[in-house]
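Letters A, B, C and D mark the chains as written, and numbering starts fresh at 1 in each.
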Amino acid sequence: MSDTLARDSRHLTFLRARERWKPAEIAFWFALVGVYFVFPTNLIFVSQILITGLFALSLDMILGYAGIVTLGHAAFFGIGAYAAGLMAAHGWHEPLSGLLVAGLAAGIAGYLSSFLLSRGGGDLTRLMITLGIGLLLFEVANSATKYTGGVDGLQGVEVGKLFGVFGFDLYGKTAYAYVLGIAFLLFAFTRSMMHSPYGLALRSMRENQTRALAIGIPISACLTNIYTIAAVIAGIAGALLTQTTQFVGIDVLSFQRSADLLIILIIGGTATLYGGFVGAAVFMLAQDRLSNLNPQYWLFWLGIILIVMTLYLRGGMLGGLSRLADLYRHWRNKERP
Amino acid sequence: MNAILQTRDLWKAFGGLIVTKDVNLSLAPGARHALIGPNGAGKTTLINQLTGVLRPSSGSVWLDGADITRIPPNERVYRGLSRTFQINTLFPRLTPLEAVTNTICVRERKRLNILKRRFFGVSRCSTLIDEAYALLEQLNLAQDCLVETHTLAYGKQRLLEMALALATRPKVLLLDEPAAGVPEGESDELFEVLNTLPKEISILLIEHDMNLVFNFADRITVLVNGEELVTGTPSEIADDPRVREVYLGKGH
Amino acid sequence: MLSLLGVLFDGLAYGALLFVISVGLSITLGLMGFNNLAHGVFAMAGGYLLVTLMSKAGIGFLPALPIVFCIVAVGSLVLERTLYRQLYKSTPLDQVLLSVGIIFIATAGTTFLWGPGQQPVVIPEWLSGQYSVLGLDLSRYRLFLMAIVAGITLALVFGLERTRFGAKIRASVDNQRTAESMGIRVERVFQMTFALGSGLAGLGGALGVDVLGLDPNFAIKYLVYFLLVVVVGGPGSVFGTLLAALLLGVADIAGKYYVPQLGAFIIYAAMIFLLLLFPHGLLGRRKSK
Amino acid sequence: MEKQRHNLLTIVHDVAVFLMVMCGIVALATDQAHAAGDTIKVGIITEMTGTFADFGRHIVGGAKAYMKVNGDTVAGKKVELIIRDTTGPVPDVAKRLAQELIVKDKVDFIAGLGFTPNALAIAPLVTEAKKPTIIMNAATSIITTKSPYFARVSMTLPQVTEPMAQWAFKKGYRKIYTLVADYGPGHDAEAAFKKAFTKMGGEVIGESRVPLKSPEFGPYVQRIKDAKPQAVFAFVMPGEMAVAFMKTYNERGLAKSGIKLLSTGDVMDDAVQDALGDHALGVISSHQYSVAHKSQENKNFLAAYSKFDPQRPNFMAVGGYDGMAAIYNVIKQLNGKIDGDKAMAVLKGMKLNSPRGPIQIDAATRDVVQNIYIREVKKVDGHYYNVEFETFNAVKDPGK
């Protein structure tokens, strides 16, 4: 066996294998297509899971990949939701352009606020600044009753037909297909970005900022950049929620939404790309089921889950699974020495 | 003199505490320059000013004829100033191959188009990956290049420190105690690497191990209390009574 | 002029309240470096204990306070042993999640035991109402709070700076290994510190309920306020916490009195502004390497 | 080795996806279990967890109390409650729950709805599905105009606010200060009071809006004190906001200096009376229901409610109770065959004998018409009650 040949194939296959779409990933998205036919009465629920998953993906970009802890991510979701809602309420009913505008608005907000984050201080300072911005924005939406409808919500959101053909119906069929399509596109976009040299640079920043700076990564520019992109995706997720519910409640900006999102992502697993979707599914299904069983104590169970997770299941569901797989590998290696 | 790296009247004070006092350091192209001094002499602070992590209170830093005093750290790397760390400062959950490839991609980022940089997988940059692999091979890390960094032996991690710094293709390399913490027996590998570094790279070495310093350096600067005590050839330094005093105490 | 003085007094009094409910967190977060968002749980425990002691056991308001402090402090040790200890060296994110889990369980538990409604808190007659001093109306309870704050501040500053225990805490915090090699039982010191912080949280909760109300959501509702004060002040600095509490208190009250339209924004805006000016807190120390 | 590593990653993802799909299937499949039979299903959308869990507790408690008193079978059909948790004012969740109740559980009625945004969000759905929907709490005027299938048994804010203004003017108050919580309902109350009061010739000499998340009322109350009005009209969120406000009000001696406190009954919520304690003594409020209301219906209601909840009920519980009464009536009239349009026809103009007194659902607006009582907080047998002393008969929502 020629030495060079072995060498070539070895290190390149390693990287290529990481980047390739795995069969399980393809199965994941096909399963979601399957949901459309198998569970026609649950489409709204699953599309809300997808929206939350997409929102969690955007958080994953900055928390999982860039390592910024934030408690104010709902700000961008909310900006997107209101942008899409205001457009639709003031006569512009076309949904796709609504998404674009929402993403743009959230992106601008993300770009501007990213400069507040590069001021230094620890995780805690960043946490409080993001939290503060989120709370401020909530108050702004609450006081601007004339434009946002305040706590009563923004009414009169009318979303036109998708491509001028498919109307949004009671069963949420159009909504589901629409959400799934957009979620997949944005996921593929994020996925390819995270596997690119840029994604590698982000991961290295999370791993060690000092070194990242020492190998020449322009850290604050990268942070601004990824923060903006994450804000755009969060904004689009918000707009999707607006368009599929045809209503905007002020809760899109609430602290609760940011906090739940963080929990969702952690439950699913950070820096895994799928963690957000898995977390959203588990969290929302559990909330729905448990609170139907005994609504008052859903919080209790959630608390237990969180504690068990932090003590015994670091890395979330997907992290736990990969450790299971590690065990499996050890076992197999023993079997076949 | 056309120095590759130079400081001019560098001065740094934290409040009333002066840590760098009128330092005028000068590295000729291809130099093997060592910076020694007792603990707390301000060696690391000086390095931090060279790399741009700290801003000097006054004075300036020059790289290849350009004033880089106000240039951010990452831009200095781009212009050819790279460093290693005294304490391993690596990416624990990246593999060495990823870490070095990352460094090379960062270096080449202005030559990659946006699609390659942002949207195509890293594996598309196969020439850069080959370069990374070759570098790792050169540093005896090829065997371990596909496992996560935190699982590597300490000595291997020291080598990776070096690999990351070299991957930026520096003109000037600042080595901050490269042998720190490496047991006696295992340091040979490291010295060998140091000795085979290409001559075009100018090196500023900070080291406690006097053997290494005197074998390696062609010029030595002794720093005491933030001040340059003396600069000279190894033999000049070895004979200098002031240096003996600093290192061995007054009684000797 | 009179209204200015009145506003200043109200602001300081509000600051005193903020200080009382947050200082415990400043200790666990700042000294031990534990991101204990469940601080409010201990405060809430203090509140419920106070209510129960007063209504069920018939203990007076003043004697109930030290009892609350002790019970919460001792009770917190159970949590420290079973849960917190395991995460002392974890990432902030893990600590945040653990403590959020504790908040959720506490919220559900309190709902189960006391129901979701507001708990009545009756403070003694001699603490309610106002003193009239030179035309200024000063609330008795607020004056009482301010006195307590002065007491706590002095005790803490004295305790942390001048006593052996204080020296041990500082040594353990600065460098765990060195402290251990000096014969300090770091684990024990951390336990005591945690109990102190939690006890103070309980005391703060008990003192705060008259103004803040008490229901199972207490821990989450006021979380933002605890964090705000501590982070702005600079974790671990008692004076910093005091300064931040008073500053934010005065800013908030003055803002609400003079520009009531902006009432909701002031405290958050002040926080962001102060954090941008002092990313490490007013009197925070930069983490030395 | 490498091949194995590759397999491994695949396995991880396979397992993850498998688990997720299983989770989903199990969770979704349990939904399909509801069998249609000889039952009438009522889907209650309300707040069961979170900060507003009290809403759900009262609404559901009230609904169950009605079923306790009147049995769970009407016209040969068993009535079944399906309770869904919105967790708060979260319209997207409310809308999803409504959709699921309609298409999956196939409910005959939708009820509950503690918050305006939740009600507004489901309006297009219930219109499309023609589901009779009983609003048991949400109080913004416009709600019933948003869907012809909405009927309200609770109240509207202007409805309870206007009588307060009229009473105040009648009692000779001319200079009044208003203080409201800074959110939609607060703004509505402020506007309704001001409109009614100034129309009669009174003057609102100052207005304050208090942020929802404010533990400190000092500066706002101080402004009132400095403005020296004859009375204050206050509308804040029930719960800790009301408690904090009342405490500050008393601490600053406004009551003693003769500034009367007027409010609507949501602030003087029966359920929080004991938490308010002496602080609220003497406060005048206007509302449709007081626990202290003297009637046989109220006695029955209180007795039944105490079976579900040791704490006192409030107006939301009565909303739940009367909502169920309306639903029972419809089932009876239609003899168990529920049809959206017919149900709405029955609801229009329906009269009920509620624990609060007689009420009617307006035939034109589908909104509630009811007596509004002026009450004063008094201590009776060691507990605090809103004691009614004056009645405005059959008040319609003036907001329309």
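Note that a contact is a pair of C-beta atoms (placed from the backbone, for glycine too) under 8 Å apart; a residue touches a chain by one contact, two chains touch by 3 or more.
These numbers come from a predicted model, not from an experiment.
K.L.:
Stepping chain to touching chain, what's the minimum from subunit B to subunit C?
P.N.:
2
K.L.:
What chains touch subunit C and also subunit D?
P.N.:
Under the touch definition, subunit C and subunit D have A as mutual neighbours.
K.L.:
Using mean Cα positions, find the chain sitting nearest the overall protein centre.
P.N.:
Ranked by how close its C-alpha centre lies to the overall one, first comes A.
K.L.:
Nearest whole angstrom, what separates the Cα centre of subunit A from the Cα centre of subunit D?
P.N.:
Computed from C-alpha means, the inter-chain centre distance equals 34 Å.
K.L.:
Starting from the mean Cα coordinates of subunit B and subunit D, work out the distance between those two points in Å.
P.N.:
69
K.L.:
In angstrom, rounded to a whole number, how far apart do the mean CA points of subunit A and subunit B lie?
P.N.:
Distance between chain centres: 40 Å.
K.L.:
Can you check how far apart subunit A and subunit C are, centre to centre, with Cα atoms defining each centre and the answer in Å?
P.N.:
Taking the mean C-alpha position of each chain, the two centres sit 34 Å apart.
K.L.:
On subunit D, where are the residues touching two or more other chains?
P.N.:
Counting only residues that touch two or more other chains, subunit D contributes 2, 50, 53, 182, 211-212.
K.L.:
Which residue numbers or ranges of subunit A touch two or more of the other chains?
P.N.:
Each of 10, 14, 18, 139, 142-143, 296, 298-299 in subunit A touches at least two other chains.
K.L.:
Going by the touch rule set out above, which residues of subunit C reach two or more other chains?
P.N.:
Only 111, 224, 264 qualify.
K.L.:
So which chains actually touch one another? I want all the pairs, not just one.
P.N.:
A-B, A-C, A-D, C-D
K.L.:
Can you list the subunit A residues touching subunit C in their complex?
P.N.:
Those residues of subunit A that touch subunit C are 69, 116, 119-125, 127-129, 131-133, 135-136, 139-140, 142-143, 255, 259, 263, 266, 296-300, 302-307, 309-311, 314.
K.L.:
Report the residues of subunit A in contact with subunit B in the complex, numbered from low to high.
P.N.:
7-8, 10-12, 14-16, 18-19, 189, 192-193, 195-201, 203-204, 207-208, 210-211, 213-219
K.L.:
Across the complex, what residues on subunit B touch subunit A?
P.N.:
Residues 51, 53, 72-75, 77-78, 82-83, 85, 89-95, 97-99, 101-103, 105-107, 109, 112, 116-123, 125-126, 129-130, 133, 142, 145-146, 164-165, 167-168.
K.L.:
In the complex, go through subunit A and note every residue touching subunit D.
P.N.:
10, 13-14, 17-18, 22-25, 27-28, 31, 35, 39, 41-42, 44-46, 48, 139, 142-143, 145, 149-153, 155, 170-172, 241, 245-251, 256, 274, 278, 281-282, 285, 287-289, 291-292, 295-296, 298-299, 317-318, 321-322, 324-326, 328-329, 332
K.L.:
In the complex of these two chains, what residues of subunit D are touching subunit A?
P.N.:
2, 4-6, 8-17, 19-21, 23-24, 27-28, 30-31, 48-50, 53, 56, 83-85, 87-93, 95-96, 99-100, 102-104, 115-118, 120-121, 124-125, 128-129, 140, 146, 182-185, 187, 211-212
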